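First comes the structure, then the notes that go with it.
Chain IDs A, B, C and D follow the sequence of writing; residue 1 opens each chain.
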């Protein structure tokens, strides 16, 4: 039976990507898409790639009606403020914001510098990254989204964490290179094309909020994030520098990464001896739900460089959210997520 | 019953795009992919977006075996040189090169400056653009490919040609802005990133060979092409300047474009009064098979500007070829071609 | 004796480029730079390339003081509204806007759709393109700026016009590819990086206002402009399609272009038989005051393609304005304008 | 008296940048420019930005004649192989390659995996970064060049090293984001535009040879480099993660950076509380000789992020080399190096 879903905050980039995935999903019907600013316009007037696919028009959020599952793709804080209302409209919620990612209200308060508006709800949400909470997501009603940079970092670190290889006495430095779509659909001076084009901008050299999610998921407390914006629209590449807690070989690392990737339909190991694409490359993942993992070892120093590439709007947001929906609703986990990315692009 | 297909010249960009489409096509099995230089390597070692999808390895062209349908994606001239061999290996051929696009050997000789090596074969091929030869393609055995720039131009002009609006006494100037993938997968000084990045390069201000295809398809002899390379990997935008042969209104033009697009599953009219995407934009078509058409009218002078955007590797090459296959084999015309493109990108 | 100059509207891109040129100009001292929004900030806080060069802070426009020469780099209409005030503050004015480019108030009204606010002033301004009005500019007090796209078009057409080669019975189609800095320093939805990056956007396929300047300078009434935005920050390339009014050879064209360029310090002919840079390329002109001209001839049809590349902020705006200043003040014409552009870039 | 200089290896990108600087340098005359492949061509046929400036043609390296100072801009190893010949042709040499940067032949052998071909010469060269060896360079005859990535790293680290703030017990991780011009002027599969455009490519996550220069200049042995190629032609941004060896405040850091920058004409501190350019940005440095330094402090963890932006062809190669020449020949140190970079770009 077709799942009737609606997308709240559908004019943003995550909202648009959800619509792209859901409109082609064989088990789903898109009932409503809300946008305060674009109410009355057709979906393709905001997301031009959807032209010709749907007669749905944006509706004002006040006119949201009951359905089977609600995707919330709202600015920070808005989902938490109105969570009771949304929960009254649908038995299942997937919230793509940061509002329900953390289990601990104190952690939220520390990184977001305000009290959580609905702390009682935090425990009801499962963290929406199937790579870490697949079984918990099956059949559950509430799932959070994931942070794009947190996800790139977590997936780069988890193979090493799960293999028990991380030296926690030495710092783990993670440099994340990101595209402009991470900043959302609203224009600003910093996104003005003549300024942003070709930039290599130190966006968050310290203090990135996604650190909270990384600590929660990896259990590590020695992770230091640094985010640099580069010329790219979609995509993120996390380069994690980890020191091993004992002598390791490339073979040990292959074992660790293979163990992690084995059961993950959207995780691939990319490590080639030659060619142009020896390591994960975000540009070929645009539109795909894959997270590509690669690694290398500096034998002289024991430094492991672990690399994760993904599309921030897909595996880092809407793709993972749809994957969660598939698990929650009992669909095939990869349903509607089979676009492989383009080459060249 | 599954159609068993092989791709000859599969390491190029058109070959790679064919593989991407065919590996996900529900009616098709990819049997072989040839590459002299990459024989023995896995497909994803050349086309990294195919990683994890197929165990097929490139084979040397000499080892090509019989199958149901052969796609030829070879450099100029190679398909014609060996057409008898290929026709002996498969009952159906789709050739993506320019070798069998023109019906008239004299036209070929004029634009390609050599005699056609297999003129007897020219008549056996149907021109592979379903928008102009859909019925002829149904069930046929041999289809040519299409020129990417010719297709952008033809689709920009055909609505006006079919409506009888083109003044043939005045020149039709067509400026085509193209991405770097049109140059193929082989590197050269002119494709070296520091030189090609950000370029606005007058690639073929006069003398573009695709003029032959435009004359053949539109029947016009007053078309002047000019091709400029811009910063883009995939995509082409043709801007055609046409003078009307009688006073016209925007309404007349809407009628002409609607009449043309009505029966075409992959042609959309893009003409908005506001917003960022008022006219066709190639960037949002990357990976999609759509050709978007738009137009505007300078009422004071009777100049019509007709605009076509497409992905040169899709509607301009592999996408149209798969669409041809669908028609030739009796599949649903749009099968395997439903990727809508991305926004933002 | 040092010329004391001020820049009004100095926080915009033309204003910033004027500051860059003037701060390094050996005959000039920059006295004031106005900006309503940035009053009190240092120049480098808006134009980061000026860091370390000047202690000047932006002042509010109301605090503008008398000086020897005022550059006006204001939004459309503002210079004309307050021209009496500015003329009272400095004996010499160079206005970079479109306000005083046209001599004929009726032409202004037709293209700008409003009456000119100070028609009596139109005759006092000399059109600020030294390539067409060098002698008139020497010692004069008031010069207009030039339109960037108009200048690329005019310089592409003038060699043919001056040689009497243009067929005025057939249309002259000019396709101009432009970078994002032409839109100015104010951000908007259409300049938002995820939307603007990689775009090939039909910005003004018909109705471009610079047509007025082209008609005024070339004397032609059959010119049709079309402007397409491409991925580029600085730079414009005009591709003009002109039909000759009599049989011509490449040699005739060389003669025409050489005659035009001979006396112009900032016009170069770019026409090579081989290499990557066979025709004018805007990317290597970033920051330079050169306008590069190239051409080719389609002998079969008599179509001449004339190509002009320039930096829209330099030869298309601030560079020409400083060149005007040099002529007005009796300095060496090329003073302060010797940056040759970069390769690679 | 004019210094007569020649450039060996003048068709590469560093060679071209040297020519750009030297042709406009008031104290210098360019006598010869060698290129095996381009002998007989004019400079502008390889470096199009030099059009109109010089009548010099490339000569074959065998025809190199004596002059006052030779710039060597050759591929790795070639200068060392023929150093006796070059030293016989000019009393002064500036070698831009890595051949004479290291003082210790063992260090060379370790990182370049071969014995140095002319170890006796190593001691005669002064390391060509005026920021570290200004006094030694004055009047000397032989100077090495600098590694672009090494320079970005060294300048990011030196303020902290000189202030004695680096904890040598914890690793220093340096992530360097680089443009495509670092790969030189020779095209390859990896520089092919459709592959390189928009890439975020893990070029050298471990094992970067410039580590040797960093160890030599900073004296640190705990530095780990990682180089990622991004969409950019010119420019490099080094992001260094350093842990302080004692509690520090932002004020301490300001003091350290100011102390370092105070005497350096081409080092600027970039650290703003607001605006788009709060940290160093390589794109606005294209063509300039500045190295911009910025920093921030994560007070909770004692992590200092030190950031250096520069143009790899200028401060990272040709610019520093010309600065060396100025010091060696007794010219003003900044002569010929005053281009400030562009905004926007």
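Methods note: contacts are C-beta pairs under 8 Å (C-beta built on N, C-alpha and C of every residue); 3 or more make two chains touch, one makes a residue touch a chain.
Computed from a predicted model, the values in this text were never measured in an experiment.
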Intersection of contact partners for subunit A and subunit C: B, D
Chain pair showing more contacts of the two, A-D and B-D: A-D
Cα-centroid distance, subunit A relative to subunit B, in whole angstrom: 35
Whole-Å gap separating subunit A and subunit D, where each centre is the average of the chain's CA atoms: 38
Gap in Å, rounded to a whole number, between the CA centres of subunit D and subunit B: 45
Contacts with two or more other chains, residues of subunit B listed in rising order: 13, 181, 185, 189, 194, 198, 231, 233, 281, 344-345
Touch list for subunit A against partner subunit B, complex: 13, 16, 20, 24, 45-53, 181, 185, 233-234, 268, 270, 272, 275, 277, 281, 284, 286-288, 290, 292, 338-345
Subunit C - residues contacting subunit B, complex: 170-171, 173, 175, 177, 189-190, 194-195, 198-202, 205-207, 224, 226, 228, 230-232, 235, 237, 239, 241, 243, 276, 278-283, 294, 296-298, 301, 303, 305, 307, 309, 344-345
Contact footprint of subunit C on subunit A as seen in their complex: 13, 179-181, 183, 185-189, 191-194, 196-198, 231, 233
